[in-house]
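Same chain, two partners: subunit A is paired with subunit B first, then with subunit C.
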Partner chain A sequence: MKILGLLSLLATHLSANSVNIEENAGQFFSSGHTNNWAVLVCTSRFWFNYRHVANTLSVYRSVKRLGIPDSHIVLMLADDMACNHRNPKPATVFSHKNMELNVYGDDVEVDYRGYEVTVENFLRVLTGRLPPSTPRSKRLLSDDRSNILIYLTGHGGNGFLKFQDSEEISNVELADAFQQMWQKRRYNELLFIIDTCQGASMYERFYSPNLMALASSQVGEDSLSHQPDLAIGVHLMDRYTFYLLEFLEDIHPASKSNMNDLFKVCPKSQCVSTPGHRTDLFLRDPGSALITDFFGSVRKVEITMETVNLTDPIEQVEQNFVNEDLQKESYSYVDQLPVSEIIHQGLQLVNNNPGLSHPHLSFTGQSVCCRPSSISSI
Partner chain B sequence: VVGVPLWWKTTETYRAWLPVSQINELSNLQVCSCFLLLVICVYIIYLSLHTLSECPCGSLVVYVIPESSSLLPQDVDVYIGQRRTALLRIGGQIRVGKTLDLLLAHLEPRIKQVLQVMSFSHTDITAALSDRVRLSPGNKESIADSMRTFKSSPGYEITFSLLNPDPKSHRLHWDIEGAVQTYIQPLLTKLASVANFSIDSQTLYYAMLGVNPRFDSSLGAYTLSPDSLAHMINPVEARLGSNAASSNPVLNFLLYVPDAQHSPLHIHDSKKQEVPTNAFHSPRWGGIMVYNVDGFYGPEAVFPVDLNINMAKVMGVFLAQLRLLLGVQSPNAPSGFLVAPCSRTGLADWELDRLMWSRSVENVATATTTITSLAQLLDQIGNIVINDNIAEQVSSAVTSLQLAVAELEAGNLRFALQYSKEAILASERAFFDPSLLHLLYFPDDQKFAIYIPLFLPMCVPILLSLLKIVSDARQKRREKQAKKD
Partner chain C sequence: MAAHRCSRSALLLVLCSLCLFSIAESQETTPAGDHRATGVDNPQSVTGSTEQMAEQPTVVEEEEEEEEDRRWEATRDEVETENTSAPDTSAPTFEVHSSVPKPKDDFQEELVIRPLHSGDIYASFQFRTLWETDFTTGNKVSHYRLFPKSLGQVISKFSVRELHISFTQGYWRTMQWGQPFLPSPPGAELWVWFQDSVTDVDETWKELTNVLSGIFCASLNFIDSTNTVQPSASFKPLGIGNVTDHRFLRYATLPREIVCTENLTPWKKLLPCGSKAGLAVLLKSEKLFHSSFHSQAVHIRPVCKDWQCKTKSWELRQTLNVVFDLHTPGQGKQEWSLFKMFSRTLTEACPLASSSKIYVDITDDPQGEQFEVSPATHLLSQAMVLGDRRTFSLYDLTQQITFGTVRSLNLHIRWKSSEGYIHYQPSKDRVRPHLLEMLVQLPPNSVTEVTVQFERALLKWTEYTPDPNHGFYVGSSVISSLVPSIVAMDTNSTREQPLFSSL
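Presenting the complex of A and B:
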């Protein structure tokens, strides 16, 4: 079965290679995006919510593998799993039974961690209303030609999603945030995936154009977790994300699978809950939207045909030499506290006056700051 | 009596006044009708050439010369110069005796052609307004242009990177400072009114391509097909880095020198032809050029070889890519037109005018959309607090927009661009103010649900006592009436 799939993939790849640039130009225009962003949020904390962190990190790995760089990923995690004192394997987060795949690795770049994962910060990232001191890595710097993937996971209910056990975001707020993004043209197309209980309620209220949404369960259903690991002692992943990842493992940057294949992921027989999707706000046909339009970052390229004829020689940039008068002074650190002298003096005082319990310390008149000096042995 | 107004006052949100009516006016403005003022001076020269006078910004001078003139080569009818001038050769049928009107009427189609090339056309207008008007998939070229050009921004960062995957074989030297100063800085100085630019450069070692080039024995070189080019950028991008302090868009220009085992490396287009520039660019990202150094040393060289990179050739390609990415398209001149080659700055004056004009229009459109959507948003959601500084920003944005539109109508491009930039800055600051967060979804039914259990028990004895007072008063009045009677 898989071999057939592989063969057909190979055939389509070969046929795609032989097509001329007209077809490429067609692809150029059909998707309309030039860059990709991903916002991956895990809204739970505490050890028993291990599976939500593993979910988010697995999607993070797939998205990175397919090409989106860290500078274009906003990852929000409570990040209290890897170094949790209940973790039998510290500095790891496993997504598969028998500890096959460590999704934490050593190049995870978490942008919002710990208590920074709040509803306010999430909405600020989406709408762009961040204080001016926020660094670039914490911002969603998308423009009107960006395709954004938003993945949320955690505990949810009918119309709300719980953030860190202390607050919640409602579907109306989320829909309003997306509308504000659309008003400012902060996305070209947006794919929203949510893996929580009653996840379909979160996309019921969307009203902005160019949105596609997938959820792991319908209203009234619970999303179930996949498998517990007896060594670690918690459930490692949720079912929907587990099968989503199995599907994404077959995708590579040049793959041509489309969104209709994504809708078939995790049918009721495997997921127990019924995954849902919403495409009425999406202007293109979902069959023409590629998986790599959202999960990967396939760049459009054009051959540069022109060049400017430059004939002038390079002007020598004049070096302004430092004035000869300024001597380069060498600095060295002075002992901040003359410890050896103190001890020596203290011992002396004690020896001289056995009755004294606190030796009086007298400091020599050294100033505790840098001064030009010859090289002294420190 | 005291409680209700107090409760109302304390639960309302502070909202400063916004000039909503002016905003609505702006959004209804007919954009296309007023911007097309362009002063065209047509000088008809029969005998001698006057000294070419300096043309002010936003205008064109067309010099009409007789057919027999030797200023232009034989097969060229129109020459488009670097400084807002064009030379137009008159057709042969006109004789001296005709009136001026007939002459101008005869020249009109040729002048229109010149304008098509040198000035803004309908497609330029729709491209500049593509923020508000999503182009229908008709004109593929204009869609490609709008996708490729960076959106108007107050500043850009340009990063030049030298990728050396094989430092053991090649020791590369590039005089990037001098090259930037000589070749790139004149262009950026000319564009100073459009945006601020900051330039930096870096060298990356052991940066590999993400794709394996195929060896073509017929050419004796390694080749990259156009399909594989798309996958070259991602592996490198993670290592490029950027200036974390600003949120300006970044233009990356990469110079890749292939390692000794994979030299020479050529980029082929879809027709399997070698690309002369050996470079490609990605819309809204930057460009990559492959520079082969195998010709500079023989097989007996001692590794590592010291190599100097010819910066003029490299910068020529990067300059062309920079022009494309900033929105300066090369004109598709019809036959019989001769366009002067790019000057030292890389930008003709009329190209600069065109860029300034399209940037002004884009800024005005974007700022209008921002302000209108902000007004709508604040109208819809009654719970957001509107501070005074936001109202100030909005008012200043509205005034700047009105001034920008007025300047565009008058044809003063420089002032129009300045006002439009101020408008954009103010509108962005107002829209993205961190205080405008509708944080608590606080619907009215929840408000009632919270306050009713507090106030209702209190209200019951108050109401009852009020009723009692009223009934007592009524009874007293009845008794008084009865006493009177």
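Presenting the complex of A and C:
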């Protein structure tokens, strides 16, 4: 009797455990993505737009902390705030006043900076139509199983976002770019976050599937900045991203928070503007989409109980270079400033082109003695 | 009874499966350990990762290297029957039973600290990797040890003969600081000699600049024909070779290019020890960019392997020059230390380095009168620098004794207080003038210049004199000095003598 009772207890525990494992496994594979990318863009130039760079860097920091490596992040900063001569603490960008948190960090890799942040480059990165010599770190090499996070911040208006105070991208262009990405199968699911004034206008025109969008303010509203720091002299962050950063600081790679929690970030009482979101194009239920589906990175962990035997130490084979024709003559260093040669070169140039006038050359016929020039050894 | 046996086996099965599940759960809950390791480029991490899931998440590159060494030693001890002496762990080589093949690459690091006359301090880091290999012939180089793979691939793919790239922020003040070790213009500068096997140099140059912009996170892709030249007389190759056809030379500069942490990060990653061990731990961006002058460069060129110069080695030099300035006015020169300059101290040399040294330039002060360096060292070294023979105090980081009992080295350079006195009373408009009094010790046989910058304020229209074209007169400055004089010593003034002799 007792054994039966114990057995039934064990059986129920077992079944409960197995259901848990199945649920975990199911959720692990339900989103359907195998890799994560992030495209983080700050579009504002000038020192007083410090907060936009701080916004982008705080999202960069969270995304890196949750597991997306630098090779999968395309970071575009339109201006340099950290090493700006106006920055009282060089090589730092702070998000909290009293200089609590340096979001610039010590191992940041900015892919597009300064003048390179243009509408054209942004669209080329998204659609993948880059010149062939573009290095890998500047490309968005996503495939149809990639979840991409796109974050834009700067100054915007109803239907447009300003790039560096000289050009704009419209919501129609953006929607078309996403459609191109969908047609070329460049994403599995895409989360679009924008922190600008009238940000919701930028996602009004989306029509591609599997897009989810968040904005810091509705059409007709301004997004406000958070707090200034008196030592630095500018506003450090925008409100929406500030509270977003606070929310993300609580997320860790194994966290189970979902998108519904993200929609609650920064209510009107804190943000003054009304953040908005759009999920009608998203095929899954937002409640089933985890935060780490977009902000973190997928880790496929296979647990094995096998052991691997290490091989024998590598024997270095003494590799003799093919020396059939042994270099008989020795190498030498080149004369750093061969004065006579240079003048001879110039004379030749004049002889070949009699029309050329060389006011600097003197034709006195004096032979210039070649002095061995002292090479300053480094 | 059958039922009893059935239930017992079922119980056993249940217990086994429970055990399995508990193990699976416990291994799931340590995913964080591997996250930190992704940033570290470690070719040997595959073998080490399973062990390290249980260890602390801070995986240090050289820690794994050492573990690797211990593992190598273990297998070797098992195979060999007789005892062999412990290998030199400062340069881990793939040692085998029989003869030890000499490693073909070598890494050296050094730091030169030079206190400048103005009270600023000049620190110059140099990291040099020498590798006897051939990038240019057919057999592709595939095994990289100390030489960074990204640069090796750049050299072979673009048939580069020499490459010099520098990123500089600030302006080198020669009048105050003397000569730098290696001058560099503000912004980015890149000059490259291609091999003469390259057919379309312009095309290769364009691709090379794009690739370098990705490696160094800089906007080098803005280099095009509008800012590229082919110097015909200068910029001769600094490496070995005999052909100097300037059609294979390209020089470009981007004066507006800024240097910040994102350029330092990939630069540090090119070093064999990264920024984890050796002198590179001092390279913290928050301090480095808070300086008057900062310049980091990469130089690649072929050099002679030895004095006979029959074989070619590739040399990669990474240099970083920085000048820290002092901020306190009027208190005399201050004290500098490694911690003050870099917010770090040194605990060890890079294990992959064959030499790791710090040189402190004491040429201007051989007797130790003006400044004092501590901890004191007995090692001195002399070297010719830019045509000048200079003396250095030497600290060898490969010797454990350098670090002393505290296991860390923090060099202090203390300026001996030259008693001075400065009294400055700034002017107040329409109330009082400037007053500046200074007690100065002048070095012998020298010229001392004292300059004061001032701004002119606007006058009210009622304050103009009838002849304002005259300008204003500035009073003379007065120098009071103590001059030895016999007459002044003589207090007996009763003797007959002219009046002027008793002045």
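Points to keep in mind about this one:
We take it that the second predicted complex is superposed on the first by the 280 of 378 C-alpha atoms of A that agree within 3 Å, B and C clash if a C-alpha of one lies under 4 Å from a C-alpha of the other, contacts with A are read in each partner's own complex, and residues count from 1 in each chain.
As a working rule, a residue touches a chain if its C-beta (ideal position, glycine included) is under 8 Å from a C-beta of that chain, and two chains touch if they have at least 3 such contacts.
If you're wondering where the values come from, they're calculated on a predicted model, not measured in any experiment.
Of the two partner chains placed around the shared chain by superposition, neither subunit B nor subunit C is touched by A:Leu230. Residue contacts after overlaying the shared chain place A:Gly67 against subunit B and subunit C alike. In the superposition on chain A, A:Ile314 makes contact with both subunit B and subunit C. Residue contacts after overlaying the shared chain place A:Arg136 against subunit B and subunit C alike. When the two structures are aligned on the shared chain, A:Ala82 is found in touch with subunit C, with no touch to subunit B.
Shared-chain residue A:Val110: touches subunit C; no touch with subunit B. When the shared chain is aligned, subunit C comes close enough to touch A:Ile342, but subunit B does not. Residue overlap on subunit A between its contacts with subunit B in one complex and with subunit C in the other: 17, 21, 67, 69-70, 131, 135-137, 253-254, 299, 301, 303, 308, 310, 312-316. Residues 131, 137, 140, 143-144, 147-148, 151, 175, 177-179, 181-183, 225-227, 229-231, 233-234, 237-238, 242-247, 249, 267, 269-271, 275-277, 279-285, 287, 289, 311-313, 315-317, 319-321, 323-324, 330, 341-342, 344, 346, 369-370, 373, 376-377, 381, 431-434, 436-439, 441 of subunit B are the ones touching subunit A in the complex.
Residue ranges on subunit A touching subunit B, taken from their complex, read 16-17, 20-21, 24-25, 28-29, 32, 34-35, 67-71, 119-120, 123-124, 127-131, 135-137, 139, 141, 143-145, 170, 172-173, 176, 180, 183-185, 253-254, 297-317. Subunit C contributes residues 7, 10-11, 14-15, 17-18, 21, 24, 27-28, 31-32, 34-35, 38-39, 47, 50, 71-72, 75-76, 93-94, 96, 101, 134, 169, 181-182, 206-207, 210-211, 213-215, 217-219, 221-222, 232-234, 236-242, 244, 258-262, 265-266, 284-286, 288-290, 299, 302, 304, 308-312, 317, 319, 386-387 to its touches with subunit A in the complex. Here subunit A touches subunit C in the complex through residues 3-4, 6-7, 10-11, 13-14, 17, 21, 67, 69-70, 80, 82-83, 89-92, 102, 104-111, 113-116, 131, 133-138, 252-254, 299, 301, 303, 308, 310, 312-316, 318, 321, 327, 330-338, 342, 345, 374-376, 378, going by the rule given at the top.
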